[in-house]
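Each in structure tokens, the structures are laid out below.
Below, subunit A partners subunit B and then partners subunit C, in two separate complexes.
Showing the complex of A and B:
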């Protein structure tokens, strides 16, 4: 017999108290880990998306910043246009070391000429590109040829097919980009030449033609000179290129971040309320249980248990219950988030990427520590009171 | 072995209302004595026992156990002393319901770090045999009769080979036959080990088992007698 075994036996012996405390720990840890996972997953996803875009500034037509960000983050196709001449104007601005145009297109929905419905298509210019081409050179050793594409992690060739059909045009998928948890995972990247070829042939092959307005582009990706201030360059772009909105990398997806902060405030409030209510409930239950066991604890004191032993014994019981409930809550939350991450992403309208195992472990430990702390703090007052009672008084009815 | 010097215990119900459970009591109990404390309910006999055991702090006066002032000791020293020197038998069912009979008997070993590892269980089995319950080692308290539970408590009280056994109305909930068996057991233990026993009871008939008896009323010792045990 030792302290841990005694605590375990007492846990088994008082089912009601054990269940209440374990359920409170379950809720606290489950909530905490869910919030941490979603927030970190979203932040992680946003960072990866920004890294993947690889641009210091994205210049889009005025008033379309949110549309473009939504397309990039959630994969909702969009078509925005501005004159191609903006590329030269942006390139000429001081501090800009590289500028590359992109076209934002989409496949048709419910059309037999497209095997993938409503997919966001990004066409890039291989001659000036500094985001996709370097990655392609690293992975497949060359750039894309006409009719070739690279897809996000969730883009695949339909079963039984050799290629992906877009506007009746067969595109060969050459590689898939690592997951980002954003709309980029469901997007496809093609060259300008392929985009124009698809547009040209779509009049014959597709149910509806793909229209790319003449001398138009959707965005300009900008890379700055080392040391150049993105805010200064952005201000210059606004001054010198009318009708555009520059989005700097640190400010990218700002609308999402604000929405996320709003959600964060709400969930933190729910977590706070859960913590307070759980604390009160645990305190009450422990107080009741400690009172019920006054005699038993008095007997332990008479047999030679110190005040400290009784306190440790009660807190150990609380900790074991917190660990049990906390681990169950964490496992449940992680499982639900893992299984329903796409649904969560869609319903909240946020991108999401599960963290790597190391980070996940840290988050699990944080959730567990929170459950432990809340249960121990709540149990501390009744445990201290009962352990410091005179044994003779404790044993009295 | 035990000395009480003008010991009082007062419970304050309100600023004006105080109950003097034990009043200015002095007593000396020698090693090997079998003391029976009798008295009516509320006479202060249980409080006196608790005072002797250090389970409650006296309002005034001093209590010595083996020459050591009990209340000059720290909580740790007091607890160790209770664990090593004193065995307790209570009036109420005091077995932990979540533990088996054997685990209950072994329980005092977990408070004593000096206890040689693994020696508790063989001694507990031996004691369970002594109290006639070797076949109930794995029984829980709910599976034992009141008499059997009290025997397990006696075994538990003897585990650490205490010098002093304190029993608070150990037979009050038992039938006459079981009471006799338990009292015989106390007497056997006393004779075999020479242990000091202090037993509180409301039954004056049990006085004959002791070597000494005191009768309490209103918190004071009314009568002290020495006996030749049966």
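Showing the complex of A and C:
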């Protein structure tokens, strides 16, 4: 009888022990992959959102940084205003190569004049914009005309309609941006002209008018010269433009990162406890099994099996159970996270995007390796002990 | 066979009951027509179709429990696989749910139904495997 066959027979022969070990591996691998997926998915989403924003610094009115970050990250609409003159002041700062204003608006909630309730609307200036226009030129070959919009991946025209109604104004959705897992997926981008046109007509068409204060903007997106230090430019902005807060891209979404670090500490603790408990349980089960099977393994040794053969057969048995339980745990965790990703994102209040297949495979292998390692380490001591017993002693006891 | 039957009964109840509490109709949302009348959104019809699939699945679960013939068990399991596939296809391809991920039908109802459908398929695949494995053994 070869090694694998012996291990498989032993697995089939002791259903209780096999189930306990497989369930432990299921829990360890499932927890590990779930934690990895959620944390990497959130980090991935944050990076993608920063890349998509395409600005080195975002200048917002003083004290509104968290509000704006929440709007960009979770799609919760916000309206913040600062004087338009800040744009010229920011543009004049050394190291700034481009500065473009944006207006942050919102559709109405529970109003028949808006087909989409409480949607975050971002209006940009096509003449100075360096974030949306280049993407539009690549995607549809031109910029947006009056009455046209681009939306995040979750923005869609309601069934049976041709356009999206905002403040009674019909906007044509021209394209959808690739998913980021953030609030940008639920946001809509329009030009300044469209925003002003909506505001002008909303007094007649909407239940409540859209108000854009004169000579006001919500934010300035800044691109720096190559080699310019964002922190130095940021300090210059604070000194030279009163009443604003610059958010540099490396520091963007800091509040969320801190929240994530707190979460990371808690989940690592849970994973650690699971690992320790599983290890103890597997060790206990294998010790019990080793005692039960003393005679059987003694006979095996008496028939000529080496210590190494017995040790390897026991470890192979543990590995097969770990693989079986680990694969089941990983499949279950990946499936649940994939299916419930929207619910997870909204419940925890942070962005989330599934990793690409290559990265997912690496994470799956990490989860599987953890399950294998925990089971083999736990089974090692009892397996070593029993494989080193003298055959005569093992059979007699 | 009894365990698989019990699992299928629980899953059929999940498939029948979950849409009743998670479709847009249950959340007070409906499509408002020009004349002011309201009609249910498509997630509601997905829920109704799931109920139609859940009833035979429930009966199948009961039959799995009372049946003692392996061949019948195998055919019931094959039928169960087909029902499981329909449970998955109704909210995804055949009828669908609302598009917005913010709606409960999209973020809760659809994933639960897909997961339940996968479990139904897996349980019945296990049933087919058991029926072949136990072919020569007394039931």
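Simple rule for what comes next: the second predicted complex is superposed on the first by the 396 of 397 C-alpha atoms of A that agree within 3 Å, B and C clash if a C-alpha of one lies under 4 Å from a C-alpha of the other, contacts with A are read in each partner's own complex, and residues count from 1 in each chain.
Here is the rule we use: a contact is a pair of C-beta atoms (placed from the backbone, for glycine too) under 8 Å apart; a residue touches a chain by one contact, two chains touch by 3 or more.
All values reported here derive from a predicted model rather than from experimental measurement.
Superimposing the complexes on subunit A yields a three-chain arrangement in which subunit B and subunit C fit side by side.
For subunit A, the partner with contacts to more residues, out of subunit B and subunit C, is B. In the superposition on chain A, A:392 contacts subunit B only, with no contact to subunit C. Contacts of A:186 after superposition: subunit C is touched, whereas subunit B is not reached. In the superposition on chain A, contact is made by A:342 with subunit C only, not with subunit B. Angle at subunit A between subunit B and subunit C, computed from CA centres in the superposed arrangement: 70 degrees, to the nearest 10.
In the superposition on chain A, A:154 makes contact with subunit C only, while subunit B stays out of contact range. Of the two partner chains placed around the shared chain by superposition, subunit B is the only one that A:3 touches, whereas subunit C remains out of contact. In the superposition on chain A, contact of A:197 is made with neither subunit B nor subunit C. Here's the short version: in the overlay, subunit B gets within 13 Å of subunit C at its closest Cα pair. Subunit A residues in contact with subunit B (one complex) as well as with subunit C (other complex) do not exist.
Partner subunit A is touched in their complex by these residues of subunit B: 47, 50, 53, 55-57, 75-76, 79-80, 82-84, 88, 90, 92, 94, 96-99, 103, 106-112, 120, 156, 160. Residues 1-3, 6, 9-10, 12-14, 295-296, 298-309, 390-393, 395 of subunit A are the ones touching subunit B in the complex. Interface residues of subunit A facing subunit C in the complex, by the touch rule stated above, are 112, 154, 156, 159, 186, 335-336, 339-340, 342-343, 346.
On subunit C, the positions that touch subunit A within their shared complex are 31-32, 99-102, 106-108, 110-111, 114-115, 118.
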